[in-house]
Amino acid sequence: MAYHPRATPNFRNLVVRPMWITLRAGLRTIPVIGPRFFSSGYHGKQAQMLDDETINRIGDNDSGDIIYAADRETSHFVKSISRPVTIMYPYERLEDLEPWLFVPNNYNGRIGVVWETCTACKACVRACPNDCLHMESEVRVNVLDMPDAPEDDAGLSSVEFVEGGYLARKNDDFEEIENTFSLETAHESAPQQYDFAEIIDLSGTTASVRWTDSGKTESVDLEGMIPAEQDIVSGRIDLGRCMFCGLCMESCPFNSFFMTNEYDGMSGITRDDLWMDAARTRVLPVVHKEAVDRELAKRADKERAKRERAAKKASKASKEA
Amino acid sequence: MAADDWFDVRGAVAWVTEQTMDKTIGMTRFWEQKYWLSEFSAEFAMAGIIFVVTMLAVLGPVWMERKLIARLMDHRGSTIAIRSLWTGEGNIRVEWWKDLPFGIGVPIGWINGFLWNNFGNESSNPKVTQVGNRSYAGWWWALPGMINNFADFTKFAIKEHMPPRDADQVTYEVAPFIIISTTLLVFAFIPYGPSLYAANPDLSLVYMMAIFGIAPLGVFFAGWASNNKYTLIGGMRSAAQLTAYEIPLLVTVLGIAVLSGTLNIIEIAEFQMNNTLGSVWNIFLMPLGAALFLITMIAEVERTPFDMPEAEAELVEGWWTEYGGMRWGLLFASEYLRALAACLLFSLFFLGGWEFPFEDSLIALPLVGGIFGALFQVVPHSAWLLMKAWLVFGFFIWVRASLHRVRTDQILEFGWRYLLPLSVIQLGLSIWLRLGVYDGGPWPLVVPALITVVAVVLFVVLVLDEDEEALAEQRRPYHVSEINKASPGARINLED
Amino acid sequence: MGMKVNHEKQVAAANDVITALEAEFSGEGLSCEVRMHAGGKHQRSYVYIDCPPSIWAIVAETLSEVHAVDHCSMITGIHWPEKSPEMEWQVVVHLMRMSVRNPPSNEGIVMPIISDASILQGSDMPLEFEVSIAIPETRNPSIPSVQHVWVGADWNEKETWDLVGIDFEGHNEMRRVLQPHETPAGFHPLQKQHKLRYHEFNEMYDDAQGFARKSEDIGKVK
Amino acid sequence: MAEMWISMGPQHPMTHGLWTLKVKIDGETIVDTIPDLGYIHRGVEKICESRDFTQITPYCDRLCYASANTWSHSYIYAAENLLEVEVPERAEYIRLIAVEIQRIASHLMWLGAYCPDIGNLTAFVYCLREREMMLDLLQELGGSRMHYNFPRIGGVKRDLPHGFAMRCRAKVKLFLQRIHEYEALLDESTIFLIRTQGVGYAKPEEMVNHGVTGPNLRAGGVNYDVRWAHPYSVYDELDWTPSVERSSVKGADCYDRYRVRLDEMKTSAELILQALDGIPGGAETFHESGDPALIAKAPARASDGQTGFHHFEDPRGESMFYLAGGGDERGKNPYRVSIRSPMFITIPYAAKCMIGYKIADVPAIMGSFDPCIGETDR
């Protein structure tokens, strides 16, 4: 069978051409003259973004200074060596270079739960093929009981201070931590919005409490406090068994189960290190603000409808009586 | 003349041993013994010096290979700098000196603390400091990556060696020592400079080629003794290849001896440097010989494209597989020592030994002559020899990076059917040159010029035979023409 | 060049095969019908054959020679312990008529045939077959092997015996392919009596090396 | 020299994955071979019997680690046959795009792994560079790089992300130009041609009888492609032909199998571009996941008598799932899942193809059949 002219086994093709190609590859890495004289001339070229019909329609308006090269364009880290594809991992991260790959809810990273809206209905525990999710309880503030402004407290809060119950005090510097804190790079549990304490005894407007973190007992005025409760929430996730399939996220009826973008902080030495507790899998509501707000609005409407029905039933009962 | 410069190691060693013998045994009643004793201890010291020089010289090629191959593959290779001794990696500093007994480590701790505080923390690259990798490419003049060689050596020395269960114990243990000892013996007669050599017998060339040829025996022993079918096949292939390339090598070296009229390596080098004798480098007199020598040496040292026995997809590591720990370290060191020996021999035989190119004409230049004269006085001539050897090793790396690995039967066929006749032709040429053209004094310059021009023309003709019109029409070997394919392709024009 | 195989022609070709088969094996309890794939976008037809184990070898040969069924895709063994006495084991064989003929060649080079799918009909219409063979209640189920008809069925039969335990008479060098060679004879994991203890299997954490887990596993073939 | 058995594997540069090929050699030529599989048999069929229909998809992803999407789609089509689900048109187009991108990535993985077997180390890096582009596209679609869990019964998990069509067109067009580079790299290299042409002949009718399908069969000039013979999804609405190679009379050698796969990559790229143009509702519109245009209502239970099977064109051959309904939990779990792996049938045939060649040719022949041991051992 005839060989391609470049493939005929002669001295030129077998020895001279490969050696010249290798020499040029080596010379290309010399800092100044390399990229100028020996560059292969096709890495990181501007890719033709629009298809032909669109180009004829709107003309080839390039997108200003944003150069999109279909090849992954990286490594400004080592100037003299042009590496169009490799990401120098600890120094460069993929989500900085290609943000469209890490749209917040489109990436199957570590599991994250917005505890505020989780009602521990165990749908995710049943949905998981590998049985990684395990129930666990956590002291938390019932979000509906926290009216932003006193006047619109529609009397929805159903939990009051009770002896043996819990109360929470808002820690004030939470707002700015919440926006700057990024779980991917901090690799430790997210900051808490409240400090929780166990109520020992109630007397009028003051109560003696024992703070759960520090363990100190203190008597505290109930004015600025918010009632909290011990709730069963799904939390202990065995990441050693998890295969990041995302079925739990889809099965959550209350839209409070998300897959975060974190892919590298989850290693451990023993299997038990891979057990993640409620704090480690917390996702701050601010990350999925719209989903959380939609969910809260839905629940608030359901609660209000329930109240009206109860009121209507009560009024009907009182009419008959 | 290049021969005599200040770096006269042998003279100094002889003087020192003589003085010590005079002052010690010369004073006693056995004073007659001081003569042979000083000569013996001088030779003994020179052997030690040559061993140290060789070990330092072999560090060059090992480091060069690692860095150049990395550079060809667009990364920097190992960048561990000397600074990593005291900086540690990623904010973690191992205080190893605390484990030393009897508090020996304490002063080392002080020095380390001082270096850590003054020269350890910052790096010019912001990303490097962010990640805390301080040993990343320290100062360039500290040869980043050189420390890896010492790290590798200690790893080989420490690693446990597990001989295969029912290997043939005796031959298994003997094989690596045959290889490493013959390789080191080769350096006994390689002169690093006019007065830097361990021994200088008259027939040093014949001895050199004999000791160089013993390695295939060790290789075959290693292949056979490790009781592993793959290593047996690898050992056989390697022995066949080495013997196949031994004969053209010997015939080419014979051509050199004939041209220089001696069988002593130092005299060959002198012949090329001495203005009264030959004063023309042999590479210009026998370019074909130089090419043959390089090819056979690459095969002799088992480097790509001739390293079939050692690394084939289905042979895994060839005859090296069953060795580990220090035995593998010795084999690894012997591979690079043999490569260094090959480069030194090439520069001695063809590139005029330890003479700087055009040394005499540079000194004779009108204006700058003086500067060159001073330079050649100050720098010891062994440095030029080492420079040439490392350049030849650079060529070896370039060959390794670009050529395909050739199959065993193709290697043997190429060895027997092409190299052997060519080397015999080369021998005939050198005999004709020596007897017919040479008349005692320096070569008439027209002879090397003519030979070099003919060689270059031949090479260019060999390279440029390109079939232009076939290339233009991109004739492909396969015959999948677009069999009346539906024409979705037409919608995407591939040519742009 | 149309890519769509004509649906009516495919059903017609299936019916031809069924009438031929029923004519030949009328008495022996062979029942065939054309069934439709119910999912996806296309309702494609395939030939379903219910065949007693005794005549399976002959049916296979006729399919292979007469109806040009040249490809055996898969042989599956299923174990129905509680279903019914006459079907404790079932072997489902999937065959296919790939309508592949030797490509012609001129001066040593093969000329591949790319035919137009829309005009295919009759015996060169690609068809799918599903043959279900029910084996009545027995300790060691076995059916005749079709290794000699389609060599492709060779490793399928080995795998079926290895995992489900249905033997194939006339299959030379039957051996375990997917399980380790030293698996005890008689252990076929896909039989229904082997329960998967995965869900409540949490001792893995408190006793990773399994020192405490001695009770019910000793001596029993797991 | 007397004949001796040497075993290549289970850890051996030649095997792409964990399996052993016992080779009886006389000197350098091969006399007899026995393949020995089953090293990574995970019992996926047994695990699937205790999972419900949606939970099985992630396990089918992990059947073959080089082409996860094709296997999960193959299972989903069989499950849709079992549960009688009608898939919306847009979901079928999105599935086709995901499967064809995965086919290109799988063929690139094969080409990348095949060249070092023959000694050409640089091609591996070239192929992985292109595969990186394809994995980016799949990461946008499925959410991760290797195992996506992308298809659902009755549709897909999520619609094409914003800007996906634009990036996909750019990357596929660049890939079509880069294929010329592979042809330059390999067709013009003498050593590659010497090592692959005339090595590992496989006769067409022998292959059909042995059950070999896919690119290995089409290399012998046999035009059998499941997407063409039993069209599922929307393959019959797009304009394409299977890539068939004109091999020599003695059969298909390694070079023809390389040619067929290179041609198939081009066809897949063209299919993606056509699908992007022809997707109903346009590639730029975006539907929330769970939208009826993306996923249809599907029953979660399959009663006892129901069965479903589907042939699917995997980059290595014809993969197939057979599901019998009526498992425990009142039919939520399948009673039996049977998986046909193309390589489980092709490897024994490939082992027979090697008889008569040299040991140095074993990696070339075995590599050209593109074995993927994950799906072989299930």
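Which chain is which? They are A, B, C and D, in the order written, and residues in each are numbered from 1.
To be clear about the criterion, contacts are C-beta pairs under 8 Å (C-beta built on N, C-alpha and C of every residue); 3 or more make two chains touch, one makes a residue touch a chain.
Since we're looking at a predicted model, the values are computed, not measured.
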Innermost chain by mean C-alpha position: D
Chain separated most widely from chain B, comparing mean CA positions: C
Centre-to-centre distance between chain D and chain B (centres being mean Cα positions), rounded to whole Å: 47
Chain C and chain D: spacing of chain centres that average the CA atoms, whole Å: 21
Centre-of-Cα separation between chain B and chain A, whole angstrom: 56
Multi-partner residues of chain D (at least 2 other chains): 173, 187, 189, 193, 197, 238-241, 244-246
Junction residues of chain B - those touching two or more other chains: 404, 476-477, 479, 483, 486
Residue list for chain C, restricted to those that touch at least two other chains: 1, 109, 112, 114, 198-199
Residues on chain D engaged by chain A in the complex (per definition of touch): 51, 54-59, 61-62, 128-129, 132-133, 136, 139-140, 142-144, 147, 149, 157-158, 161-163, 166-167, 169-171, 173-174, 184, 187-190, 193-194, 197, 277, 289
Residues of chain B defined as touching chain A within the complex: 68, 71-72, 74-76, 125, 127-128, 130-131, 133, 398-399, 401-404, 462-467, 470-471, 474-477, 479
Touching residues on chain C, where the partner in the complex is chain D: 1-5, 37-42, 44, 70-74, 76, 78, 92, 94, 96, 98-100, 102-103, 105, 108-115, 117, 126, 128, 130, 150-156, 159, 163, 176-180, 189-190, 194, 196, 198-199
Chain B-facing residues of chain D, complex: 4, 6, 8, 12-14, 28, 116-120, 173, 176-177, 180, 183, 187, 189, 191, 193, 197, 238-241, 243-246, 255-256, 259, 263, 266, 270-271, 273-274, 359-360, 362-363
Residues on chain D engaged by chain C in the complex (per definition of touch): 37-38, 41, 43, 45-47, 49-50, 77, 79-87, 89, 92, 204-205, 208-213, 220-224, 228-236, 238-242, 244-249, 307-311, 318, 320, 322, 324, 335-336, 338, 340, 344-345, 348, 377-378
